[in-house]
Structures are given as structure tokens and as C-alpha cells.
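All chains are identified by letter, namely A, B and C, in their written order; residue positions are counted from 1 within each chain.
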Amino acid sequence: MPAARGYWLGFGLVVTALIVAPLVLPEFWRRFVTEILIWGLLAMSSDILIGYTGMVSFGHSVFFGLGMYGAAAALLTVQPPNLWLALVYGLVAAAAVAAFVAYFSTRLRDIYFSITTLVFSQIFYVVIFTWTEVTGGENGLSFRQPPFSIPGVMAATFTPETLHWFVLGMVTASFLLLRRITQSPFGMVLQSIRENEPRTRAIGYPVERYKIVAVMLSGVFAGLAGVLYAVQNRFAAPDFVFFIVSGEVVIFNVMGGMGTLVGPVVGAGFFFVLRELFSRYFTQYYLIPVGIIFILMVIFVPQGLLGFLRRRLNR
Amino acid sequence: MGIPLEQFLVQTVNGLVSGMILALVASGLTLIFGIMDVVNFAHGDLLMLGAFVGSGVFMSSGNFWAALVAAVVVVALLGALLQVTTLRPLLGRDPLTTILATFGISLVLQNYALWQWGPSARRISEPIGGQFQLLYLQYPVYRIAIALLSAAIIGGLWLFMKYGTYGIWIRATTQDRVMASAMGIPVPAVHAAVFAIGAGMAAASGVLFAPLVGVTQTIGLDFTLRAFVVVVVGGMGNLGGSILASIFVSLLEAYASLFVSPAQAVIVSFIVLVLTLLFRPTGLFVPTPK
Amino acid sequence: MLSLRDVHAHYGKSHVLHGVTIDVAPGEVVGLLGRNGVGKSTTLKTIMGLVRASAGSVTFEGRELVGLATHRLPALGLGYVPEDRRVFRLLTVLENLRTGLDRSGMTPDRRQLLLEKVYRYFPVLRERRHQAGGTLSGGEQQMLAIARAMVLEPKIILLDEPTEGLMPRMVGQIRAIIEILHTEGVAILLVEQNVPLTLAVSDRVYIMEKGAVRHQATAAALRADNAVIHQYLGV
């Protein structure tokens, strides 16, 4: 199968390039690439819902944010700070809130699902923003970066390069896992829900249960992105729970191409490159041109960059 | 925890006042959703633009009413322009694409406002000064005036929709776009006009609300979310329902703020929304569908 | 007056009209017969621009209709009564009629005259004028749908299965109104399953099969010889 070989060849090339990237890129761009990977993971996680199940979540910031705050909790309460504990706390927090949100929101469809996820993320935003004693309120929480450790073997503080590789490893593993899941029978059922929910139900699949699992799965990977972001930046802040972040996640999906897993990562990269590019001319108002590009893409390139390229190549 | 009756009554008045403003915002949103299945994410930004345009006109003319009219006209025209350029091409596609498009519009408008007017708040002074004695406190007359003005605008909309030819066109298009066009109703123009009306109403609420809080880029943000809540609670696309829901939710929030901070009181309306969606997804204030 | 030349149309990927050619002269009642799913309703929708013609032409009084927005057609003189009636369910009967009456160039007198006229033909609509369209019975909705098209003062009415699902008494009323429209000189393109009714009210009849016209004849000829009807429609 040359198509599959080509796919893995391309995949290998991209991963290799990303491995080499921190060794050749200047400090600013190294950080830039690491961040794109993290946001790309967040976007990829929401693709499970948007692209594969046909449910547009407008509340992914809450899972991301809970991942951040979960990691913060582990890093602030347990000494010495432990990376793996931060990961566990973050994922558990994201999974718990995802279960809660999923239970309510999956009973609704289309726009109603979107609005419900949006509202839930805002509820948590308000709670986090106002519960200053625990969450630090508006200022958020800051903490020390945990070292990279393999218990009993080694412990080393992160350098920008090793942090990048750690993030890259996590994102690549997540991608392979999510790809596997979307191609599994479970993933097929999700796609069949997207194509025709009543028929999927009629065949006998418990659609609601599948949707709940999909939201939780998506939420956990979004939480992982949150943990990585917290570790990289050494803080958790309410701004990242705000719905604007959720909106950006949807933008990444649309720009890159929904239902491809890779597309959203490409979309995140495209968005950040546009941001850098336009920041030079528009300073902090870069969202004016980026927003216009986004609107044009919604109208004219609804399949996203990747879908657009694929169609071009197939011609 | 004993709350004195007087505080309770004052909060009732507060709830009714903010409920009427919210109703004005939500009516525009409902109108747009009903006819085009468009969930307008940029509604709060149109409100914000209205407030800024109003403050500009107010500063140069000193006349509040001129500011109100100018803001409504400018933002209504902008609304029509946005509909024609971004939403018309999306007609017939998944309604979710319209959320995306209006979210994009929202980003652009917000940053445009920041760029054009800067981050510092602008003021519009209230056209009606004075206070009256409400139980234990001095209550600004203007707050009552806002509620009445909002009610008047909503009433005007209702009469227009009920009796006007264009109102009938709008309602017919809402129910059956295809049949409306087969009856010779210029559906594309109706869509643009409805968006303009909704935008104009948002602008009006922005100007009316501005004297209470000052004009900043974030003035519309709270409204967007709360208006979503009441539009769903009231039954998507149901004008009467969203007005009742506005008042209901605002009263609840006003009472809740007796116990918690106003920022947290917002959660009450979110909870109302979630409960509504779970138990009565067609809306709280609509007859049970058969 | 109305002529379709080799009209093709698609629903997504399925090709539903394979070159339909039909003519309707001024004041003529033309029946369009055929089994279910042969493209009769699609033909009417294509004329109205509700389904886009992928090839061929539709002209009305010499003017090309393909590509023209649907909402411009009533002003040219086309009225449409769709298959499922599609009255505006939440609008009152009067408001339903106003969707056609409140158009530019109408004087209040003329408006009143037209309203009185449809009320005279359909007295039940006058009784129910403040009732919501959705609360009417099926037959009453059909009358409203026809009345709504009539107030447009069309030169031709496209009638899609007006008697479908109606009680015999209602069918008689629909037939009477078709005959009245005929004597007033309004052309009608009638899609029907009810063969006797169609043969009774039409001047000419087209028979469709698999998205194309297979046969045409005067109604009188078909009434005299039902072999053709039997061949295509099995009745």
C-alpha cells in the first residue's frame, strides 16, 4: 500500500524535523514550536468531538484549564514537585469535569450542545475566577517547574530542548493513540453518529453512552495539553479557562481541517504563524486580519488547509 | 440568614430593570436565530459598537438622544453589511458554520474597537438625572427610564411584527423560507433587514446601558452569554419567551446577589439554563409541544 | 406562454429530470400525469427555481426563468400551490393572504377587492380569517394555499396535487375552483394522481415516466381512449 507508506514516511519526516527543531532554531522559535505542539494537542483532542462525532464543543477551555489547575495542585501541595503526579492530578481533574459536562451536554445536539459546553466552561471560569483562596483568583497560581524524573533511575531539570522533546513525545504518543482509537470500532461508531445519529441509534448502539465516552476522551487529552502548558509556563491562570480559548480551539480545527487529527495541529501552527506575521504590522490587534482570514476560510475553505491540499493533490 | 424585606424589594426592582435591558438584547438575538438559524456570537460586540458610536456622537453633540439614534442607524447598517457579506454565503449550510463565522466577526469587532477607541472607558451621561426615594435608598430615575425605554422598543418591535407588512414577511420567512419566496417575498432582503433590526436593537441597549457602567470593549461580553442563556431558556426563536426568560433570569440573579457576589450570581442563570435544557429543551416559556 | 425545453435537473447526484419539454398556452389547463416519483413535482419546482435546472430552458412569455430568483416569479405572473400546501402555520388566514396581497403597486381598494373575491370563493376562509393556518383542516389548508396563490393575480398557477388526501366533497370544491379559474382565463399546470379529475378539467395532458414526458394528447382524446392511460399509469 503506497498510500500508507507515504503517510508514515511523511509522519516520520515531520517527527524527525520536530526532534531536530530545538537544536537548530533560535530560542524564540523553539518556544514557539513547543507551544504549537501543546495547542495542537488541545485542538486534536477537540477534533474527536468536532470532526469525528459531529459535536462542536465550545467549552474545551474548561478541560484545558482543569488540566492546568490539577497540575498546579500537585506541584504546590506535594514536595518535591513531581512531574508524573502533576500529570495524574491534571488528567484526573480534567476527566472528572469532563464526566460532569458530558453527562449533561450529550443529551443535547447541534447548537444546544455547543451552548451547553460553552456555559459549563463559563461556570467553571467564574468559580475559578472568584474562589481566590484556592485558585489564586484573577492572578492564578505560579509554581516551580518539576524536574523530569524516572523514579529510581534519573532526575534532571528540564532544559528548553528536553522540555520540547518531552512535549513532542507526549503529543506524538497522543496522536498515535487517538489515531488508533478513531480507526477502532469505537471510532467508527462515533463517525456513524456524525453521519446519521438516528440510524446509529436504530442499529442498536447506545448513542448517548458513546457520546459521553467521546467527550471524556476528548476532555482527558485536552487536560493533558493543559498539564503540558502548565509545566512549560509554570503557572495556571483563569484566562485559559475563558471561552475565548475554546473559540480559538475551534478556529484551529477549522483552519487546519476537521476530522483529520493532524489538521487541527496544522491549524494551530497556521494560526500562530499568522499571529506572528500580523503582530509585526498590527501589534496587539493582529486578530483583526486573522479574524478576517478565519471568516473567509469558513466561507470558502470549509474543509480547512489539509482538506484543501488533499483535494488539490487528488486532482 | 435573614434578608430584610426591603432589600428583597430593592433587588426585585433591580432585577426588573436589568431584565428589561437583557430582554432588549435577547430580542434581537432571538429574532436573528428564529429567521436564519444563526446563533449570533457577535451580538454583544454589536452592542459594544453601538455604545462606542453613541459615546462618540454624545461627546461631539452633547445630546443623548442623537447618540442613541446615530448608534442604532450606524450599527443596523453594519449588521446588514455583515449579513450580506458573511452570512448570506453560508445560508443552507450547517448552522454551526454560522456560529464560527459570527465568532470570527466577534474577534474582529472587538479588536477593531480596541484599536479604534483604546482601552480606557468612555462615558455617556444619563439624559435623565435625579433620584427618588425607594424604601431605604435613593434610586436613580434613569434606571427606571431604561426599563421603560427598553419596554417601549420591544413593544414597538412587537407591533411591527404583528401588524406591519414587513413583520408578516419576516414571520412568513421564519416559518417557511421557500414558500415565502414563492409568494414573492424578497427573502434575501428580509434576512439582511432582520439582521439590521437585531443589530440596531443591540446598539440601542448598548447606548441605554452605557451611562450605568461606562463604555469599554467588554461591555457586551456579559450580555452575549446571558442573552444566549435567556434565548435558550425562552425557547429558541420565541420572542415572548425570551422576554419572560430575561426577566426571570435577571430576577433570580438579583436575588442571588443578596447572598453571593454579583460575579458568582451569574452562575444562577447558567444553572437555570442547564436545568431547562435537561428537563424542557424546547424552552421554559413555550407551550409544551404535542 | 410557459414553455420548458429539454429541462434536466438533479437532486444531489441523482438525475431526476431527463429533458422535460412542456408548453402551456395562455388560459389553458394542462394536466401532468404519471406515477409517483417520475418527476412531476420536481418539474413544478424547477419552474419555480426551487430546484435548479442543470440544463435546458424555462421561458415565461418569452423571458428566461432559469437563474431568476424565486421571489421574482410572482411579479411576472406565476403562482405556486405546493404539494404539501405549506400554509404558514403560525400566521392567521388573513396574514397568509397578506403575504401575497401586500405587494408593491397595490392600492387599498384593489386589495380589498381581491380579498373579497377569494372570500367569495372560499367562504370558510372568511370565517376563519383570524385563526392560525396550522389549525385548519387539510381541505381548508388546501383552499388557503390556492387562495394565497390567487391573490397574486397570476397568469398561470402551478398546482401540485391539490386533491391529495382530501375527502370527496373537498375534491369537488377544488374541481369547481379549477373550473372557475379556467373561465377567468388563468392558465393552470396541474400535477395530479386523480386521473378522472385531471381528464375532466384539463384541455391537454402530458404523461411523464422516469423524468421525461412520454406522451401528450388532448384530454378529450384520452377520455375517449384509455389504453394509453392504462399503459402508463396502470389504471
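One rule holds in what follows: a residue touches a chain if its C-beta (ideal position, glycine included) is under 8 Å from a C-beta of that chain, and two chains touch if they have at least 3 such contacts.
Because the structure is a prediction, the values reported are computed rather than measured.
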Per-chain CA centroid nearest to the all-protein CA mean: B
Most distant chain from subunit C, judged by the mean position of its C-alpha atoms: A
Separation of mean Cα positions, subunit B and subunit A [Å, integer]: 32
Whole-Å separation of chain centres (CA-atom averages), subunit B against subunit C: 43
Interchain centroid distance [CA atoms averaged], subunit A/subunit C, Å: 55
Subunit B-touching residues of subunit A, taken from the complex the two chains share: 56, 58, 104, 107-108, 110-112, 114-116, 118-120, 122-123, 126-127, 129-130, 243, 247, 250-251, 254, 282, 284-288, 290-292, 294-295, 298-299, 302
Subunit C residues touching subunit B - in the complex, by the definition given at the top: 48, 50, 69-75, 80, 82, 86, 88-91, 95-96, 98-100, 102-103, 148, 152
Subunit B residues within the subunit C interface of the complex: 165, 168-169, 171-172, 175-176, 178-188
Touching residues on subunit B, where the partner in the complex is subunit A: 39, 86, 89-90, 93, 95-97, 99-101, 103-105, 107-108, 110-112, 114-115, 225, 228-229, 232, 261, 263-264, 266-267, 270-271, 273-274, 277-278, 281
